[in-house]
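Shared between the two complexes below is chain A, which pairs with chain B and chain C, respectively.
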Partner chain A sequence: MKYKGQIQLMEQIITLFFIIIIIVFIIFFLTVWQVSRANVEKNRVEQRRAMNILKRMIVSEYLVKENSMFDDSKLTSMLDRCEDLEKLFGENWFAEIKIINGKNDIPCSPGVYDTNCNLWTYCKKKGNFTSYILPVNVYRKVGWIFRRGIVPKVYPAYIKVGVYHETKK
Partner chain B sequence: MVFGIIAAAFLVSFIVYYLQTYTGLQEDVQRGKILNNFEMICEDVYLTGNPVDFNQFSEIKFNLNFDVSEPPGIVSSMGKTPLKVMVLFSPGKRVFIDDGSLDMKWFKFRYVIAMPRSRVIFVPMKNTELVWSLIENITEHMPDSTGFKNRITFGFCSGNVLKENFCGEDGKDLCDKKEFLEKIKEKNAPGFFDCKKTVSNVNGEYRFIKISTSCTSPSRGLCVTLPDSNGIGRIYINGSKNYLIYKDALDIVSAIVGYDYKTIYGIAGENLYIYKNREFSKKISIAAEMMSNRAILIASEIENALRNGELDSDSMDAQCLPLFHRFAMLMNQIKSIISDKDYYTSLGTTITLKTKLDEIENLHSKMVISGCDYEI
Partner chain C sequence: MRLKNSFNIHRCGQANLIVIIFTIIMFTGIILLFLSFLQERESRDYMNLYAHNLLLSILRSDTGYLDEGCKLVSDVIACSFSLKPWKCGNVIPCETLARQKVTKYLQEYGNLKKNYRYLFIVEPDKRIISYGMKKMTLKIGDESLENEKIEKIVANEKIQKIEHGSQKLLNVKIILAKK
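Coming up: the complex of A and B.
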């Protein structure tokens, strides 16, 4: 009976201690859950962005003749205009359009109408990325018929669009 | 006992504080998600052309505004949500989202409109072809809400007569875009006087657009002057000291979407007009640069073929050569006119720009007919 008061106080302190531990655990759990949800959301946003740029590119009047059919003269005209393309599609992405003709990559050059080149690359830099590929067509004026006019041809191709992962500064 | 009370009070206050913060955070998360959804749906509408009723702003308390300063976007308690595609946005709990384009033949300036349930009421002050043509042109660039709940409907007003319900099978329904465009052909307005009708506009549904040969600042809504021989006119907005210069229907549509609503950033109609013209400048200058490079590229290819004897000088493609050179030159001129940030505020610059744009449109049509280029 002598220590009854102290025992009750100890009981209260221990109960309080456990309650605080439970609360801290709940707070910790909720915070971790929120952070992991934010990370998942970040990845989802990156994937969605890559897909969105891809979808916007295949209908963009700056690059195509009609939906999913790129015009090679427009592609060549935009080759060294990454800054302009970034104004249209945002930053931190790249795009490649490659004619599937069984040949090695022959990069196209800005300002040169070369019907042998088969690869147009925009805004490419080093880094990890999330990318998507889609089959498309390329409309190309390949030569001259009997010295009278241009022969347009449509080639199968693919477009690859990637969004660079954000790096911590 | 005292210790227990102090501990309990401390615990309860801590839990209440934490829960308050957590609930606030959850509400912000929800707001963020709704804004992301809105942005995503606008992009989908832009890509697919399929209109959508967007009702999520009604799920939680929002205070939305549109800020035109770079990067343009929607401002809420979450900060600014920049928009990736051009969205003429008028806030509301339930908005209708549709796409459209300004067809210049060589380039389509594409946009999205997101606006709440609205009744666009035209007040024609004259019965002339020019008036009907302007009403038709404006309506063509507005959203088509046929079959949707958040409707954008059209009507007329003259004197005390408000004519809205003249569509549908029985001719008693409100008019969506398509039906209204059909009705315009009948050129049947209730009259050609200023609208005196008072309406209860608690939800801000009514948007009055007066079409007149001359305007002053209207007491409500907008007053649009008829276009001159260059296709240029003026827009006056209630509450605004200045008039806006229009060169295409989208200039007027942007002012209609924003209307005369006052926001913390100024008059919404004026802001959306500025936003439209800045985006127009950005997109057209890139397109002009690309099209100029492309024309030079194709012209040099034709010149090479002529030089190497691969192409006859009287062939169709050889005839295209001067057209491509002219096209490239006009594109460079457009680029230089539009490089002035405030090009849309000067009447002289707007006239020059409009003249050049019309010239390019005609030249491109000629090139398409001649088989030199294709239509977008």
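Coming up: the complex of A and C.
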């Protein structure tokens, strides 16, 4: 009976202590959540941009013969024209188009019409990025070479478009 | 009297403990709920585009044979539904070549996106009576996907051929789901 007041006081102190912990925790959690949400939103913006560039590339008449079918001669001619492509699709992105033929990567070179190469790369640089891949085709005018002529060939391929993460300067 | 007071103090302590535990559980629930909003999900829009492009890309690819009716994958698929047996390059029956090529391309694209499951289905269109066509269904890939009740994306295409004055119409679809 003698300690009743003290015990009640202790209880109130402990309860108050827990309430303070919970309030601090809420503040901490809300701050972390806000930061994470901002990062997720930033990622979403980059994803949307990558997707947008991808959708525009697969129909761009500078690169395709018909929707989602890239023309190898157009691809080769645009290889060293990153600046021109950036005017069309914006900056800070890259694109890769690769024929799926089970062979190792043989990069195509600008100005060289090589029917063995299978990889076209545009505007690639070092850095972290968000990317999307899509199945497409590559149309090669010089597909089959016979004595009686040349027959075009359509290859299965993929396009990968990435948007570089923005870094603070 | 002393016993009763001691009992009341104990009960009050237990009540506080229960309130604290309840608060902790509630906050854990709220945290999990908030975190679930932060999870990134691959958009349905992208999966849809992927499925349609995959189907189109497979159908438009070359088979490696140059004889008429065997050049593209869509050609050999149409040829495999023909009642007249035909061998591409006089070597391989249409249906075998169609299965080989579709399986190969699905595997190759599957290596790019390993978190997807694929099922490729071809069947004659029932609205058009096509003479000289096999009544069969060509299924390639993960057949269990057809009856599973999960989130799926379906892309559809049609292959149309006119042979000896009659129309052949095939419905081609690819079903895509996440693993």
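Everything that follows uses one rule, which is that the second predicted complex is superposed on the first by the 123 of 169 C-alpha atoms of A that agree within 3 Å, B and C clash if a C-alpha of one lies under 4 Å from a C-alpha of the other, contacts with A are read in each partner's own complex, and residues count from 1 in each chain.
Quick note on the criterion: a contact is a pair of C-beta atoms (placed from the backbone, for glycine too) under 8 Å apart; a residue touches a chain by one contact, two chains touch by 3 or more.
Fair warning: this is a prediction, and the values are worked out from it, not measured in the lab.
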> When the two structures are overlaid on chain A, which partner does A:K103 contact: first (chain B), second (chain C), both, or neither?
Replying inline: neither
>> I'd like to know which partner A:S36 touches here: chain B for first, chain C for second, both or neither.
In response: second
>> Which partner chains sit in contact with A:K55 here, chain B, chain C, both or neither? Use first/second/both/neither.
In response: both
> With the two structures laid over each other on chain A, which partner does A:H165 touch: chain B (first), chain C (second), both, or neither?
Replying inline: neither
> Can A:V151 be said to touch chain B (first), chain C (second), both, or neither?
Replying inline: second
> For A:Y132, is the partner it touches chain B (first), chain C (second), both, or none of the two (neither)?
Replying inline: second
> Should A:L88 be classified as contacting the first partner (chain B), the second (chain C), both, or neither?
Replying inline: first
> Taking the two structures together, which residues of chain A meet both chain B and chain C?
Replying inline: 55, 143-144
> Along chain A, where are the residues that touch chain B in the complex?
Replying inline: 9, 12, 16, 19-20, 23, 27, 30, 34, 48, 52, 55-56, 59, 61-62, 65, 73-74, 76-78, 81, 84, 87-88, 90, 111, 113, 141, 143-144, 147-150
> Which positions of chain B touch chain A when the two form their complex?
Replying inline: 3-4, 7, 11, 14-15, 18, 22, 25, 40, 43, 46-47, 84-85, 107-108, 282-283, 286-287, 289-291, 293-294, 297-298, 300-301, 305, 309-312, 315-317, 371, 374, 376
> For chain A, which residues count as touching chain C in their complex?
Replying inline: 1, 4, 7, 11, 14-15, 18, 22, 25-26, 29, 33, 36-37, 40, 43-44, 47, 51, 55, 58, 68-69, 100, 102, 132-137, 143-144, 151, 153-158
>> Taking the touch rule as given, give the residues of chain C at its contact with chain A in the complex, in rising order.
In response: 1-2, 5, 9, 12-13, 16, 20, 23, 27, 31, 34, 37-38, 40, 43, 45-46, 49-50, 53-54, 56-58, 60-62, 66, 72, 105, 108-109, 112-113
